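Two complexes are shown next, each including subunit A; its partner changes from subunit B in the first to subunit C in the second.
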Partner chain A sequence: MKKILLILIISLLTVFGLANEEKTIAFEEPVLITSGGQSPGALQMMVLAKTGGINYEFVKDIEPTAENLAAFKTLIIVIGASGKGLGAAGIDVDTELERLVQLVNIAEEKEIKVILAQIEGATRRGSSSDKITDALTDFADYLLIKSDADEDGKFTSISEEKKIPIRFFEKTSDVKDILKELFL
Partner chain B sequence: MKKVVLLMIVVGLIVSLSFSAVTAQTVASSLGMVAAANPYAAEVGAMILEKGGNAIDAAIAVSFALGVVEPYASGLGGEGYAVVTLANGEEFAVDFKSMAPKMATYEKLKELGLSISKAKSTPKGALIPGIPAGIQKMLENGASMSLEELIQPAIDLAREGFIVNDTFAGVTSDNYEKLLELAPEFLKDMLLWEDGDLFKNEALAQTLELIKENGIDCFYHGQIADQIAAYMEENDGFITKEDMQNYIPYVTEPVYGTYRGYDIYAPGSPVSGPQLIAVLNVLENFNLEVMGPYDPLAVHIIQQTLVLEDVDRRYYISDPAFYDLPIEGFMSKDFARLRAMLIDLDEALDPDTYFDYLGDAYPFQEGKTYEEVILAEEKEAAMAIAENYESPSTTHFSVVDKYGNAVAWTQTLSSFFGTVSYIGGFFMNNELGNFASSYRPGDIINLEPGLRPRTTICPTIIKKDGEVKFVIGTPGAGRIISTVTQLIVDLIDFEMPVDEAVRMPKFVGYAYYKDVPMEEGFPESTVQVLEAMGHDVSIYEYPDLYFGGPNIIAVEDDGMMIGVGSIRRNGAASAPEM
Partner chain C sequence: MRKNITIIFLAFIFIISSITFAEFIYPDIRPGYGVTSTGWLSDYFQPLKDTNLDTPIFIMDSGNPGATFLLMGGTHSREIATGVSALVFLENALVKKGRVIVIPYANRSALSIEDQDSDIPHFFQIETKSGPRFIIYGDRRTDINDQKIPDPEKYTHYPSGMVIDDGAESRNLNRNYPGKPDGNPTQQLAYAILELIRKEEVDFNLDMHESDTPRTLTDSQGNVYEGGRLAYMLVCHQKGLELGAISVMEMEDMGIPMKLEESSVEFRGLSHREIGDHSNSISFLSESPNPGQERIGENKDVINDPDYPLKHRVGMHLELIKKLFSTYNLFYEEQIVVENLPEYDLLMEKGVGYFLN
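What follows is the complex of A and B.
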């Protein structure tokens, strides 16, 4: 009996997970790409958006003001805390988090869709990166996650618990085509 | 399907490279040994030994191969130093340090509105590279195989590719912004290389082919020199073709010292061999053996010694072609005795006063004893100190062959990716950053055309009773002498197995560090006692590349060689099976 119940729960969760993954959502351009932790991931996202023909602007550490967000329909935050990157920007993770939380709050007010992306995989997971992820998920409309960043199921759980559509990919270069799909 | 074909090609390449070599992080063999920062490079060396080459042949092949598989840490655009001991009892060293080009002066920089720190990240930061010339000198001094044979494995690796590891991916990621701007062709369709990718470098394969066909001369006088000069002209660098033609490597004697009955052969000025010998001379005054590697008193004594000799280094080590400095005095046992007397066994020196403790090595150069010097109460005023940031880049490898020849070789671009000037598939160094940040009267590392900057690399060979016992070296910039010293103390004083010595957490003594960086792993009580002595301890995660990445070989009494690749950088040891 227990086994049947377990299978049923797993099946439901799987269906739910798939549903989350398959759920389509319309994103519009222009797009603002910014970093969530000052790792090189945001710069890679900029390259992917450029090669994917997306109408974007890239400001790694954009100041969170309504004016700065006024021109955009979608905000992509590329999560990845880098000690070197934060150091180069002269900030710590808490200062970065403060900027990001203000940014997503403004995005919500202005009905700008938010995509949280983790495109550097397992090597960019860590307590600081996770802290940023946890603080921003309530504002996310979509999760774009490199598969090996989800080895512990963190992003799957977030997607399921908060009912946020999620899209996994294997290679960073796959993101180019995904962006094309999302912004068609 | 494409993936399967790719995998088959890679497996084929690895098989063809490896013959029957054994490669792992720790390897034991009596047939020869290579330890390097990358398994492909270590395996290339073992393959050369297996083909009948000697340690010098293997070292040349490894140097070329490292330039392919670690293009961020060394390569044709870099520099270095090698120490060789031969089975017949002879020893020599090759100094292939980079040299400041003719146009590189403070006046020129000022005219351009640049400082050393700004210029070092531009093509102006590149000094005339020395690695190809160093290889040429090694070919002329003991190699038994031809350049064509020794360069071929590197050409194959560049052309057929190799699997990117997490060190490659991580270092590239840390430098992505610069690479995207200055060397996008190095990237994977402008994105980062990922762990497991196949990396090929056809441009480098072609450059290496040119060297194979025309000899190393073409790097300094021919087509490659033209390429470098053209790049520099186009990108406002300093190096001209005339500079390339004027570059000279030196074949010289290693500096010599002893430590508890062992013979130490280390590189001379302008690198840190004399400092290592000075450190060991001081440590010989303390009975470390009764303490142990985790004893806070041992850590304290070693750390304070490292600081004192780092202060001295800044006054006594520079390019010997430009400065006549008291190196023999600096390396004398009597000078060390006086330095040892400065170490307070229960209290750390105040970091703000480190430079007040400069030792005067000049009287010892004249052969005075420490008693005579104390009585004469001689003292010199301190000079201005150059501010000097040093990156944890660089690479070191060690080779021992079955005949007993040994090579310790360290090569570098200074920072990872150097100036990011990408020419013919290789990067140019940024050694300019090792000169004094601005002109200071009397300073021995002021920028001058033709001068080779002082750096901390220290490839070292240790012998006992005429036999090679250890071949040691590490990257790690300002941490190099700390790590090499700890390896030597762990191996000799504490009789630690060589793999354990590599794994041991490390700490640093450096005159510019007000804290004592320590890798995780020391007992809490050790840290607490050090803090009680006045040390400001900073704990780093274990393992951390910051503390270097030694690739070392130990030779046991029965001739068995134990090679250990760095755990901090995916290093490997490799040995021939025949």
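What follows is the complex of A and C.
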């Protein structure tokens, strides 16, 4: 009887342990990096991907067509609304939002994984950036967030409510090593 | 008869006292060994000669082939960390590859008058290696007496036609690029700077600025004023965004986080927009936090503020310059190598005066 109980306890502990082990999340290359709001954060992500040795393509305002996404296995959208960036692209935030929603819908159809990244921190939070975040989270497979962008807990809540894995980092340059881990 | 003479004399005194003259000022600049030649901006655009808009320039030529960089301070003369950063650069730096051109006080006319928006004194004395020196806290714009024409009701930028409601902005150098050779004195000043950039084939340039601090303030009535968003920003022309992206990350790594901003294509007249558009030079603009530009408060300490002292602001600009150099060298074959600039920690420990001749 004692033996059975011991086996049962060990089995339970093993199952419990496995359930709590952090899953290794991996994404596949090639990666398409685009902007979600035309801030310079997407460009920083491109530089980080380049220095991290990731197989990527960077198109800041890629047109949302199945053909444009066909070659990619992961889509990284760097969220950050910039009036100057949107102005330079000759669009407003609603036009940008429309492009992004079409893009993530195509990604879902094509089974392309989506990483939502906020790498510019608190200074790039605001109503326009949040509007973009809210519109895209249902399509996200992973959240990559600079810690000070989550001072109000917005990204933590999204992660918990929608069961999306989240990774925080302190400095923008930390993203380089995180990308290396994600794209094993 | 005596009464008439008295009236004429009083009228003469009144007329004389009502005429205002432009002030002359030549800032205290003591070049170090790195400076290989000096000149005037009018060497590149003759009409500036013998006006208060002409300003001294300093060439630091390594004698070795490489890139050419232009450093500008004092576009807005009240933004004192910019002129002082330029002074620390040209009094200490040794250029080993390429060339650096320094314009420490881009708008010398604005330096000649007190800040018109505050009661901050015109001169501040600081201790240096040679004893006391004065830092000049000037105005944001060209002295109206040097502009020689009244401000228009609204300012219209040349050549875009963009209109700014405040007509006084016609005297703001950083709203007047690319300038106009036959325009008003501030337009001519902007044109002369672009002429220098084109003739000297400047590869990249930094126009240093200061802005309101990020500090949130509350006045005596309990009104809350949010801090400014410009401080700690690096604005990049589209040609320099990638270079700026790396420089900003390196600044964060060394403990001074900065924000990267793309130059607006809609708002015209700014150096980072027009210099990049009207020359081959890659243009950047940096912003440090100046307590003197906060919206409220009295007795603002622009030298020794506990959060944003002058030494910190100068250190920020100098570190950014170093990062721009190292990043530029990653991207381009023509290199620029500069030594003997103070390290940030040493600057914070010793103060600015320790690095001034």
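Everything below uses one rule, namely that the second predicted complex is superposed on the first by the 161 of 184 C-alpha atoms of A that agree within 3 Å, B and C clash if a C-alpha of one lies under 4 Å from a C-alpha of the other, contacts with A are read in each partner's own complex, and residues count from 1 in each chain.
Heads up, the rule we're going with is that a residue touches a chain if its C-beta (ideal position, glycine included) is under 8 Å from a C-beta of that chain, and two chains touch if they have at least 3 such contacts.
These numbers were taken from a predicted model, which means no experiment stands behind them.
J.: Taking subunit A as the common reference for superposition, should the pair subunit B and subunit C be classed as clashing or as fitting?
T.: Partners clash after overlay.
J.: May I ask you to decide whether A:Q44 touches subunit B, subunit C, both, or neither, giving the answer as first, second, both or neither?
T.: In the superposed model, A:Q44 contacts both subunit B and subunit C.
J.: Which partner reaches more residues of subunit A, subunit B or subunit C?
T.: C
J.: Scan A:T123 for contacts with subunit B and subunit C and give back first, second, both or neither.
T.: Both partners, subunit B and subunit C.
J.: One more residue to check, A:S173. First (subunit B), second (subunit C), both or neither?
T.: Both subunit B and subunit C are touched by A:S173.
J.: Under the stated touch criterion, which partner chain does A:D141 make contact with: subunit B (first), subunit C (second), both, or neither?
T.: Touch partners of A:D141: none, neither subunit B nor subunit C.
J.: Going by the contact rule set out at the top, does A:E96 touch subunit B (first), subunit C (second), both, or neither?
T.: neither
J.: Which holds for A:K84: it touches subunit B only (first), subunit C only (second), both, or neither?
T.: In the superposition, A:K84 touches subunit B and subunit C alike.
J.: I need the one stretch of subunit B that runs into subunit C once the two models are overlaid. Options are 290-298, 362-370 or 416-424.
T.: In the superposition, subunit C collides with subunit B along 416-424.
J.: Do any residues of subunit A touch both subunit B and subunit C, and if so, which are they?
T.: 39-40, 43-44, 47-48, 82, 84, 120-121, 123, 171-173
J.: Which part of subunit C faces subunit A closely enough to touch in the complex?
T.: 229, 236, 238, 241-242, 244-246, 248-250, 252-253, 257, 259-266
J.: Can you list the subunit A residues touching subunit C in their complex?
T.: Touch list, subunit A to subunit C: 39-41, 43-44, 46-48, 82-85, 87-88, 120-121, 123, 171-173.
J.: Looking at the complex, which residues from subunit B come into contact with subunit A?
T.: Within the complex, subunit B touches subunit A at residues 166, 169-170, 173-174, 176-177, 180, 188-192, 194-195.
J.: Would you tell me which residues of subunit A are touching subunit B in their complex?
T.: 39-40, 43-44, 47-48, 51, 82, 84, 120-121, 123, 171-173
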